Every structure is written in C-alpha cells, then in structure tokens.
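Inspection log for the structure reproduced underneath, given as structure tokens.
A, B and C label the chains in the order they appear, each numbered from 1.
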Amino acid sequence: MSVNELWVILTGIFVAASCGILGCFLILRKMAMVGDAISHSVLPGIVIAFLISGSRDSLVMTLGAAVFGLVTVFLIQLFKNSGVQTDASIGVVFTALFAVGIVLVSVYTRQIDLDLDCVLYGEIAFVPFDRITLFGMDAGPKAIWGTGITFFITLLVVSLFYKQFKITSFDPAMAASVGIPVALIHYMLMGLVSLTTVSSFESVGAILVLGMLVVPAATAYLLTERLSVMIVYSVAVGIVSTILGYYAAVWLDASIAGCIVTVAGIIFGLTFIFSPSHGMISKWWRKRKILQEDHAKQAQLETA
Amino acid sequence: MSQSPLEINNISVAYQKKPVLRDITFSIPEGKLIGIVGPNGAGKSTLIKAILGLIPRLSGEVKIYGKPYKDQLKKIGYVPQRESVDWDFPTNALDVVTMGRYGHLGWFKRPGKKEKEIAMESLRKVGMQDYANRQISQLSGGQQQRIFLARALAQDATLYFMDEPFVGVDAATEKAIITLLDELKKQGKTVLVVHHDLATVKEYFDWVMLLNETLRAIGPAEEVFTADMLQETYGGRLAVLDKQKESSFVLA
Amino acid sequence: MTWFEILKEPNIQWILWACTLLGIGSGVIGSFAYLRKQSLMGDALAHVALPGVCIAFLLSGVKSIFLFMLGAMVMGIISTFIMSYITRKSRIKQDTAIAIILSVFFGLGIVLLTYIQHNANGNQSGLDKFLFGQAATMIRSDVIVMAIISAILIVICTLFFKEFKLASFDAGFAKGLGYPVALIEQLIMFLIVIAVVVGIQAVGVVLMSALLITPAVSARYWTEKLGLMVFLSGLFGGVSGVIGTIISASGNNLPSGPLVVLSATGIFVFSILFAPSRGVVSKFLLRQSVKRKVEKEKQMQLRERGSSI
C-alpha cells in the first residue's frame, strides 16, 4: 500500500466515522435527507465567500459554506414550526438556496474561475495532492486535517452529550419536561452534521457524505436493539465500505466515492436480507415456525 | 399549612382561532389522586402540556410548591401519551426507565450503577422486572405503558402528570397502574391523571376536575362527580343509564 | 426590447411553453407526493436517472435522448419498487429509504459514468449533461413531448382523483373498501417518475425536485380542500414557469431553471406569510385578537361578579 493510498483511505475513514455517528441520530429523528439538503444549499455560501474574499482559499469557502449550512438548518426548522411537513420543508429550503447559488454562479461566471463541478463533486482521489504546510514543513494532505478534526469534534460532542442526544431523539416532550434544552440539542446535532458535510464534501464529494450519513446507519438499525451498539456498527460498516470501495474502484478504474457508496449499498442489501433479527429470511422463518406450531396445536386439539 | 403542590392562575391556550382553554385557575392540596375528566377536545391533555410549558400559553402562570415551574423541575414527573414516541427506537426497557434519571444527572454526568438500581426498582414496582432487557418494540401496549410509568417513578417526583395512561391497556396493566397510584398516594405524592372512562372515575380517584374549555368544577369526587355537574360539562351529550348509580354513564 | 417583444421570439416561446407545462404537470402530481410525505421522492428519482442513462448508453452504445429517458424511467420504476419494499417490510422509515435510494443509485451512476469514461470506446462525453438541464436548448419537439406528458399527468390525476385521495389519506380504509391500494400507490409513483424524467432535461436534477415540492406546499397554505389544492399547485407551478422564463429572457443571460425555482419559492414565501388563516401574519393577528377577546371576557365576568354582589 502506497502512502497516497493510505491518505485516501484514511480520509474516507474519518468521513465514514463522523457520518456513521451522526447518521444514527438523523435516521432516528426522521431527518435522513438533511445531509443531502445541506450539501446542496451551501453553494451560495461558497460563491459569496469567494466573491467577497476573491480567493479560492478553502478555509474561507468552508466558512461561507458552514454559515449557509446553519442557515439551511434554521430555515428548515422555521418552516417546520409554521406547519410544513419536515420533508417538504427540507426540499423547499435546499432547492431554493441551490437555485440562488446557480444564479450567482452564472451572473459572475464570466469574471471568475469557479468550477461548479469541482466545488460540488469533490474527488477523493485528489486528496493526497492538496497539501498543507505548517512552519515551513509539509504537514500532510489538507483533507486529512479537515476531516480528522471534524471527526474528533463530533466524537467529543456526542460522547459528552450522549444522554441528551438520546433522550431528545426518543421522547422530546419528556426531555423538555425535565428541563433538557431540546432546541439547543437539536441545533448542536445539526451543527455537527453541517460541519461534517462541509468539511468532507470539498474533499470527497457530496454524494459520499450523504451515502455515509444514511446507508451505514440504516444497516446498523437492522442489526441491533441498542443505540450505543448501533453507532458502533454504523461506524464499522462505514469503514468497511470505505476500504472495500477503494479497492473496487482501483480494480474497476472508476470513481472512488461512487464505489464506496455502492459497496455500502450492497452491504445494506445483504443485511436487509440476512440480518438475524430484522432480515427478510429470519422474519419469514419465524413466521413459518409460528404457523407450523399453530397447525401442530390445532391438529392436537382435533385428535383430542 | 403546607404549600399547594400546584397552583394555576388564569391559564389560557388557543390553537388557531379557537381558544382551547380559558382562564383556568385552581390550586390543589397535597397527596391527592386527581382525575381530569371532560369530553373529547375539552383540552385535558392541552392543560397538562401548557402547565409543563410544552406548548405556548396565551396567558397565565404556574406555581409548583409556591415557586416558578423552572425552579422545580426535579419535583415533576410526566407520563406522555404512549403514541407520542417511536417504539422502534433501538433501546431496551431498562434504558427507557433510566431516562427518568436524566433530569437529576445534570449536563455531563452519565447514568451509573445507582441510576440502574433505581430503574430496576421502578420496573419492579410496575411488575416489569423480567422485561428489563426486552427491546421496547417487542412489548405489548400495556407493557409499554408500564415502562412509561416506571420511568416516571424513577424521576422520584412529588407531583405527577399522566396523560391517558389507561387508554388501550390490558386488565393486568390497569390493575398495576391502580396499585401504583394508591402507593404514590400513600407516600403523600400528588398525581393528576387525564382520564376517559367515566365508569371508573369514582373508584380510582379521590378528587375530580371537570374540564371543558373552562374549568367546570374541581373538588372531592363525591361532591363534584355528580350527574348534574357531568351533564353540564358534557353539554347534554351524556345519557345516564341508571339514575341511582352515577357510575353508569354512557356517551350519547 | 419590451416584454411583449421578448415573448414574440419563437425560441423563447418554446421555453416559455415548456416551463409552464412542466410547472403545471409537476405541480399537480406534486400535491399527492406532498400529502403522502414523499416530497423528496422527486429528488431521489432525479438522481436515480443517472445510472439509468449510463446503463442505456452501455447497452445501446448510442447517445439518444429517447433511450436515455427510457433508461431513466426504467431505473426510476425499479427504485420506487425497492423503496416501497424497504418501508413496507422493515422498520426503516420512508425518509431513510428515500435517502438510501438516492445515494446508492447515484453512487452507482457515478461508478458507471467513470467506468464509461475510462473504458468504453467512442465519444461518450456529455452523458451527465443530460442531468444538468438545458432549458435554453429546448426545441419544438421537446415542447411537444412535454405538453403530451403534462396533459397525461393532469388527465390521469383527474380520472383517478377519488382513488388517489383515499389512498393518500387513509390507505387502510381504502384497502378495506377493496381498492387496489398497492397499484394506486405505484401509479402515483410512476407519474412522479415520468414528471421527473421529462423535467430533468429542462431544469436539471435539483431544481426538478423543487417543482414537485414548492408549488404543492404553497398551495396547501391556501386551502383545506384537496381538489382546490391540486388546482392551485398546478397554477402556482405554471405561473412560476412563466415568471421564471420571462425574467430569464429579459435579464442578462440568466438560466431559466433556477429562476423558475426562485419564482416558485417567492410564491411559497408569500403564501407562508400572507395566506388566510394558515399564514404567519394572519396567525399572529388571530392570536392577538383571541388574546384580547379572552381578556375582554375576563373583564366582563369580573364586572358582572362585581355588580352582582
């Protein structure tokens, strides 16, 4: 394994781990599409940051994106509170912001050089080449730092407030009645999702972020009955998909991000069929067994 | 005289155009089981939610043992309606009951051995100790209700609010809830219960609150829970089957 | 140029018609998607089109809009089957199922796209352009296709209005009445697939989902009747199409797709603020007046009590 390979896989693992943790809470709160929404609606933020600063420095653009990530979350909640269904609220917000972004891009596209494809669909294969220098020394690829720091922040916040994240996801009314600030916790979670999306999508692409946010978490949801275990499984599935996906991409000579998500999809499909607790086969088997026992009982009754 | 556990002053709540509750004012003595009774849409659950600050109020104030609600959170236990949560949530019964301790733990402390013990004890009190490790989606409706009650017990409150705990439960659960209510009463705790079944009101509760948009009456069951008062509260939609026995009401 | 002159240009007329018809058709079917809490299905289906297009190209080896649309449609139908199977048979909720479909299929699409770019022979560039939408290149035949599709959408929604309504409101009851609920649900999904596949070309993936969602949400604010809501949603969609195209044509080279979406968003913001009874402003006024009324009644009661003593 070359060093560059290692960098790419390590970046993927950091993304998978952050997303795996947060994804569990997203799907339990029925907000799975929030990641998709954020990754699109940050476009105007990126463009505005670029127009103001005039540089393609990724820190400035990330900041612009992060601001719009939070705006997205805030608007979704605002419309939801005024009676729009969650999913529709998500849809209205991100499409509108994305449209604003495209208009901005096309208004200024002559003057500036901002490649839309590049901004929206980062390519993980380029991770090793965009490097950061600290004190005049090469400190490794920039993406490693971005995704790594994000992962540690996510891990820290979720473990500190695990209790609050859990109870507000399960029973917000009861949580509010004992004085837990439900709205604050919600924004904390959404802030983390926003941070993860923004820090990852520039280096690995929006589709990989969304895929990693929902597919491993949904897989874990079919395997366990405990939230803590679900989070561990979710991260594990994400990491396995990253590694397998990377080598599949090398073998097929195709997009790494695409392959990682596809592998995660395949793992989900297999779990959906074969999970011991929630799989189709075990469910069918249990149903059959109950029916058989029923028949046996009836037969006994009849003979008696 | 000791402080009243709950004093309500002029609470009004409106959904859209319609006022759901108008000017509710009352205070209750300590150590009573209080049934909140009224027709559908009378604002019974709304009253509880408004008291707990879960929905916005137009006006009014709430005092718990003479102090504002926010200062007394640890003295309050709440049992929401069972349908209000997603029972597919990946967690087991013991874990849900442990959540009752979260309010006491503060921001950073995690539930430890002591909390687990309190939770186990609460499960025992509702007769669910054998189900501690059972995934909550695999429990029956009645068992889920008992888990919620156990969680409220784990809160170790002195004032309880229960939103329709008797709806859709089996006979065993109903009995378990009654035993529990009596025990809470013996410990001097105060319990407000939103209740539907008029036939059992007198048997279960010692105080009754009649509610239909406004507070119609509140007081000891034998004084308040009379045919006349009920007719007034339900606005003539009630047929009394047996004039002698007030327990046999039927909604017409 | 005046607006009127702009509208006389044949090229712009085609775009205008296309966007208007698309707005009406997707507005109508979007209302049902909204009521069934499947608003984001359009977004997912628009992404699912990518692997469909790639597979159509891999199998046929030619770049044909018709084959691309066919591929996207077949893939869309397959994905709706998978989605409803997942939600029916497991504890996974609808929003998660939609997100899974979107990301996995799009991921697969990217794999196929890069595979084609790296391995297949011939000129394969421009496959993904299908997905980004080019309203400006719309020609007469595109508009005719769009007109036919929109008409079909509207006619089917009118014919099956009663069935769609019941299946969306109370599927269990509909089943009890003997309605083929699964079939009806699949039909609604199929209509969404058609709307999406046709619309992608005009406005692109992301903005197509807006046309399915935003007019429907806006319409919901104005009425409590489904029939009127569907009508309004179609109207709002159509009006957004007109406004967006006109601004695009009169402005300096702005793309029409995003402008159509922003017009729809404008209608949405107006609705959420000013719609009678559900809008923010009227809710606020109502709340104030109820508050005053309650206060007044209280005063009167106090006075009565005072006079009776």
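Operating definition for what follows: a contact is a pair of C-beta atoms (placed from the backbone, for glycine too) under 8 Å apart; a residue touches a chain by one contact, two chains touch by 3 or more.
On a predicted model such as this, the values are computed, not experimentally measured, just so you know.
Q: Could you name the chain whose Cα mean is nearest to the mean of all protein Cα atoms here?
A: A
Q: Centre-to-centre on C-alpha atoms, which chain is most distant from chain B?
A: Relative to chain B, the chain whose C-alpha centre sits farthest away is C.
Q: Can you give the whole-Å distance between the Cα centres of chain A and chain B?
A: Averaging C-alpha atoms per chain gives centres 39 Å apart.
Q: What is the distance in Å between the mean C-alpha positions of chain B and chain C?
A: 44
Q: Centroid of chain A to centroid of chain C, CA atoms only: how many Å?
A: Their C-alpha centroids are separated by 24 Å.
Q: Touching at least two other chains at once: which residues of chain A meet that condition?
A: 221
Q: Which residue numbers or ranges of chain B touch two or more of the other chains?
A: none
Q: Two or more other chains in contact with one residue: find those residues in chain C.
A: 91, 283
Q: Under the touch definition given earlier, write down the residues of chain B that touch chain C in their complex.
A: Answer in residue numbers: 10, 12, 14, 16-17, 19, 22-23, 58-59, 88, 137.
Q: In the complex formed with chain B, which residues of chain A make contact?
A: 28, 160-164, 166-167, 169-171, 173-180, 221, 224-227, 229-230
Q: How about chain C: which of its residues touch chain B in the complex?
A: Chain C residues touching chain B: 91, 277, 283, 286-287, 290-291, 293-295, 297-298.
Q: Chain A touches which residues of chain B in the complex?
A: Those in contact with chain A are residues 49, 52-54, 70, 73-74, 76, 78, 80, 84-86, 89-92, 95-96, 99, 102-103, 105, 107-108, 110-111, 135, 151, 155.
Q: Show me the residue ranges of chain A that touch chain C in the complex, using the header's touch definition.
A: Where chain A meets chain C, its residues are 27, 30-33, 35-36, 40, 79, 82-92, 94-96, 98-100, 102-103, 106-107, 207-208, 210-211, 213-215, 217-218, 221-222, 249, 252-255, 257-262, 264-265, 268, 272, 278, 280, 283.
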